[in-house]
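Paired with chain B in one complex and with chain C in the other, chain A is shared by the two complexes that follow.
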Partner chain A sequence: MEHSSHESLLKHPNSITYESPFPLYALAISHSPYRVAVGSFLETYNNRVDILSFDPDALTLKPHHPPLSFDHPYPPTKLMFHPSNPNLLASSGDFLRLWDLRDHSIEPLSVLNNSKSSDFCAPLTSFDWNEVEPRRIGTSSIDTTCTVWDIDKGVVETQLIAHDKEVYDIAWGEARVFASVSADGSVRIFDLRDKEHSTIIYESPQPDTPLLRLAWNKQDLRYMATILMDSNKVVILDIRSPTMPVAELERHAASVNAIAWAPQSSRHICSAGDDTQALIWELPTVAGPNGIDPMSMYSAGSEINQLQWSAAVPDWIAVAFSNKMQLLKV
Partner chain B sequence: MASGFQTEERVPENMKKKLALAVRSIQWSYAIFWSISARQPGVLEWGDGFYNGDIKTRKTLQAVELNADQLGLQRSEQLRDLYESLSAGEASPQSRRPSVALTPEDLSDTEWYYLVCMSFVFNIGQGLPGRTLANGEPIWLCNAHLADSKVFSRSLLAKTLVCFPFLGGVVELGVTDLVLEDPGLIQHIRTSFLEIPYPASSSKKSLGAGITRNANTPTCALIDQDILVPHVGCEELDIVSLDNSSNGFEANPAAEASFMVDGMNGGASQVQSWQFMDDELSNCLHQSMNSSDCISQTFVEPGKAVSASKAVVVNDHCLQDLQKKNHTKLNLLDLRSDDLHYQCVLSSLLKSSHQLILGPCFRNYHHESSFVMWNSGGVAHFQNPGGKTPQKLLKKVLFTVPRMHVDVFPESPEDNGFKDGVWRPEADEISMNHALAERKRREKLNERFFILRSMVPSISKDDKVSILDDAIGYLKELERRVEVLQSCRESTEVEAGTIRKPQDTSERTSDNYGPNKINKSKKPLVNKRKACAFDETEPEMNYIVSKEGSNDNVTVSITHKDVLIEMRCPSKEGMLLEIMDTVSNLQLDCHSVQSSTVEGILSLTIKSKFKGSVVASAGIIKQALQRFARMF
Partner chain C sequence: MERSSSVRKGAWAEEEDILLSQCINKYGEGKWHHVPLKAGLNRCRKSCRLRWLNYLRPNIKRGDFKADEVDLIIRLHTLLGRTANDVKNYWNTHLRKKVLCHSNSVEEKAPDVAKVKVIKPRPRTFSKNLTLLSGKSPSAESFRPNSNTINNYPTPTSSDNLIAWWESLLDDKEGDETDACKKSGVHEEPKPNLWVNEIAPEAKVIGGFFDEDMNIPSCLADFSETGLWDFLNAEEGALI
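== the complex of A and B ==
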């Protein structure tokens, strides 16, 4: 179901909308042939992931033909394509699952379940695919652990008790370094070469205010961004100066839901929130006395829940709000 | 006009005049004296300077006509004043600028360059002046604008630059033309103008005259042949245009610095302050300038020697639409053609990844973008929109969705954990809670029915009514059996006579009858009637065993579709059959069974596979099997 491309072209000359029958949350964009995976958000058992095709030249966003989709138990908490292979998709929910996108169907490749006993599983809140070492995927779970999988072998490389409370997001910095945020309000960096120790680089000022999302600047690994629960601030951190944020971007009128660094510029970051706005910020080294203002903004029709700025299409930002998914030209 | 000579004690008297003399004589664009900073040891900063280049707007404040020399001095002082006021203005953004003779719009490109130089600071050994001082030797730099920024960072305007140490500082002379190296020139300058004690008694008026006519300063005669007829002291300042000087000295690339020109002409010129992190470059004070229309303040701590990085700040005027475009890494915007040169100039200067541009008034020139220029008008303050839950969907994804998976497993230890979880439902989420609770209730009911079905043998249909009916029938059957057993036991008790209380029985017989029990219990599958005919110790044994029933083990481990069941239970006739029955009711296909009976305890190891897609959890299987240990 696609919003009429003509209408959307008229309203916003360079935004492309896909309207789904159900609310959307998880989003992922692959490299050419530019597939977009959208995950439903229905609070029932039966959820789905659909694959769309994006044509940046023709400016169209349509369901893949022939239709590609798969069922997922409960909403997928995250979707992500392999850093270079557009046929490999990963989803997180109860387990980390890998899917093979073929011409006419999607085949489940593997279900990565680390539960030793099947009395319980540890559902995943998020995961990140290591761009330097694509056989590594790091997952974060509500059981306070982070697990690093070697997906080529289908085994766990390591599992660390990362935090005191549920871990909500995880992001790779280099091949062996990742960071995670948790309900305990801390951002911690882990190095696989030294699993005994982690470094806290930030803690939320009100103790135990959960940090909900984390993004690591892949262009300049010194910088990370995180958002707090019920907060309209985007906190920018410099890993060289722990505990003190280098900037707090405070221009959203409501709480922030998602953040994404620009894939090809080290100074830009985009954030989106309940105020229906997506803001692009440019970070100076020196802030003015009144704080940093965003560079540009976009207003969507309702609260923006998801934001993806993929390296595959650096000129486009993907947002999801209610049951729509839009690609915005930067 | 007071000028801020902070380092006056380090700047020889009349330095400005000497510099004026020197630079005018050779018709270069400017002369600067860098002196060791009083505030910061080991750092060269602006001592004094004389500007001899292009002037855009001449301002005469006094009625008195000054001669050319005086104008030159005055101009230099005015430039200094302007610098002072701007840096003062930057330090306290709200204060009004002290009134100065010049405003930024009055300045030509080269004047701007000169003014910007005032903000520079060099560590000893860094930058051209720093290296000059460190080496103690003059340095002549040609084609400075093409030089690596490590060598010379201010190459925007200068084409030729000369630095030589002098009186503990460094004298820098620059010109916008290309002049080939000539050590003789340096020597001349040094001796002729700078080291000769200047007649302090001379008035300003005679200064000019003195320069031209004073025989003590053989200016005209000693200047190199290459230099054109010097207009020393006599020239009109506004024709000291460097176009006519074919000196191989630095040239003000006035024409090339289009960015400056544009900036100057534009009414609303924006300030751009850049910072580059380059370890080669020296520390610098920053400077922010107020434009005529908007005061955009940028604030950098002056002279702060950051250990890891040394920043050099270059302030230049620029059109607002140029602010972002030179960021070579950003492909966001289309470049306008007249920006290209600017970009080239900049990119040759600026180091790559650490370049920053503060663009508070950035204009989005990319018309195709979905994003529009940000304005603060619409955004008020952070507010919770009408009592709705903030980050509602995000919270659901992180808090609720994972629990959906977990609640399917009734015996999950996670359940207990979550009761203490962080997320507390808010008042306005009660409706969501109801739906959740309702779903959970239904799921729990379904699970219980499933378990019941597995516990009750011979269940015909799967619907709930049938399950309940069969369960009722089974319970009645069980009650009957229990009665039978109890009557058997009573009859044996009566026979025994002595034994009344089960407790006593167990205490007395627990140890003594151990071996006997073993013997007797080797016939587990004996006919039921024989169970009653067992001797008096049997019931006690049963009691003992049933009390220990809670210790009996049922372990279930599931790997993919394989289920391994290990259990121990008191062995009874028909027990094995009933266990197998239960297992198959749980949709498990047994392919291997090992059993042994020791001391009346049946040990069982069953390997099985799930039959179809319906998968029972380990908890359910365990629960279904544990009744064998408990009952009977």
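== the complex of A and C ==
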């Protein structure tokens, strides 16, 4: 596999790069006017989120004018825009915070803090905004719980002790169904109508191998993807067939860091990792004897830490590596 | 400024505290060299400042150190290995202003924390051989309860429960808070693995995934030749 020359890609009309003064991690893209929120990853208290403007016709990606940004304590672990409102942004880190993007500034709207003491909170590893019920945001935390917030009222709807160890990711499947992954190595599904039970649909083969990320296929809710810590495999699950993966995509040369289903096609998924590759896979109806090969591949300049494939701009895949953010046209 | 009598030393009397507090509330912090005069106190300016900062200031946290605070102190002390004095100085010079700004906004905006009942769902698992994809008869659905007891119930067909579970999961009705799934009993019926991926000598068509009615939108039906992505040749045997 050859590495494309990085410099030539910077000028390529089908990839657009933004270079930040600091390492980037969290990424989010809104619907028109296509704002891109990028979060810094500095191992210190002072971090920030900057808003960029993406023009898919002029193919430009540059800081919003007038400048929109806000300080954030510790690196944001995730950023996400409201499913339909490009002016509303949520961030997770020490707390779940909501931000209002106005013409000239960003105003903090609320800090959703569920902890009993105002001084200490358990950091949030991730969250997901429910597309069917946008007043619901689910958060995952290192304290083994998942919390469902009603952000209109600013109150907790439900808090569940979801796992035996830290919860690393959460994804909504339906208005009242979500799934989460944990350091305890399990993928569990929760139904808000039946809070007394959860369903384990997969556990890592080596006990207690953490599962780091979870992606629920929004085009076909039967399918989910997950990745194990320090593993080069993408595990594809069918919830109709619990415990056994329907596929394991094993073509990365190093650990996979991020996964994203295609927003407009149920059969495609993208993965990216420490081998600096982003791979797009087309999942077949039948798998061959040698496993599944990726359909296409992109080489970034360094390890890819983040991947977003937004329904707002389905023709573009966003990646973050080092201090750069790139939009790649598919 | 020279005084005829020497300044008071030792413990602060309550009247002195009151005078000092009133003075700070009236004139604000700062200009400590004026404070003894304005407050009418026979104390040195450094003493006034320290008394205010360490004792009289309203937002000082009081009470015994709680167990988790002590734990944090021990852990950080071990981790940092810095002297307490150095930590204090670092805080005051670099961090105080930035962190205080943030914590103030947190206090203003955080909603009242109502008591939230935290629920611990009991996880249930399915045996490795239970799948709907094959249409074969089911084996077990088992609970993994928190305690070590296993519920034994008379058994409705387990595959019905599996079907019921995932169908109810994905239907659109907003139900009320009743059990979406029924419990079932536990019994094992070992079956060979029905779906193999890479290891099988020949591909098995089990009604694998992504069957029939999948429409690939035309925009993805062929990924455009951007030159950006290396297209990997699909081998005939590997992909359909």
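Keep in mind that, in the parts below, the second predicted complex is superposed on the first by the 316 of 330 C-alpha atoms of A that agree within 3 Å, B and C clash if a C-alpha of one lies under 4 Å from a C-alpha of the other, contacts with A are read in each partner's own complex, and residues count from 1 in each chain.
Criterion: contacts are C-beta pairs under 8 Å (C-beta built on N, C-alpha and C of every residue); 3 or more make two chains touch, one makes a residue touch a chain.
Computed from a prediction, not measured in an experiment: that's the story for all the values here.
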Room on chain A for both chain B and chain C (clash or fit): clash
So in the superposed three-chain picture, is A:I280 touching just chain B, just chain C, both, or none of them (first/second/both/neither)? both
Quick one: classify A:Y74 as touching chain B (first), chain C (second), both or neither. first
Output check: A:S266 vs chain B and chain C. Expected answer is one of first, second, both, neither. What do you get? both
With the two complexes superposed on chain A, say which partner A:P294 touches: chain B (first), chain C (second), both, or neither. both
Please work out whether A:E166 is in contact with chain B alone, chain C alone, both, or neither, and reply first, second, both or neither. first
One more residue to check, A:N14. First (chain B), second (chain C), both or neither? both
Based on the superposed arrangement, let me know which partner A:T60 touches: chain B (first), chain C (second), both, or neither? neither
Identify the partner contact of A:P210: answer first if only chain B is touched, second if only chain C is, both if each is, neither if none is. first
Looking at the overlay, what does A:Y25 touch: chain B (first), chain C (second), both, or neither? first
Which of the stretches 21-29, 57-65 or 111-119 of chain C runs into chain B once the two complexes are superposed on chain A? 57-65
Chain A residues touched by both chain B and chain C? 12, 14-15, 45, 73, 118, 120, 220, 250, 264-268, 280, 282-286, 288-289, 293-298, 314-315, 328-330
Using the touch definition from the top, list the residues of chain C that touch chain A in their complex. 68, 95, 98-99, 102, 105-107, 109-111, 113-114, 116-128, 130-133, 144, 162, 165-166, 168-170, 172, 174-181, 193, 195, 197-205, 208-211, 214, 216-217, 219-220, 223-224, 226-232, 234-235, 237-240
How about chain A: which of its residues touch chain B in the complex? 12-15, 23, 25, 41, 43-45, 73-75, 77, 93-94, 117-125, 141-143, 165-166, 168, 183, 208, 210, 212-213, 219-220, 229-230, 232, 250-258, 264-268, 273-275, 278-280, 282-286, 288-289, 293-298, 303, 305, 314-315, 328-330
Interface residues, chain B side, partner chain A - complex: 93, 273, 275, 277, 296-300, 311, 324, 327, 329-332, 353, 356-360, 362, 364, 367-374, 376, 378-385, 388, 390-398, 400-406, 409, 411-414, 421-422, 432, 435-436, 439, 557-558, 617-619
Under the stated contact criterion, what part of chain A meets chain C in this complex? 1-2, 4, 9, 12, 14-15, 45-46, 71, 73, 95, 108, 110-116, 118, 120, 145, 154-156, 158-162, 173-177, 186, 188-201, 203, 220-223, 236, 238-248, 250, 262, 264-268, 280, 282-299, 314-315, 328-330
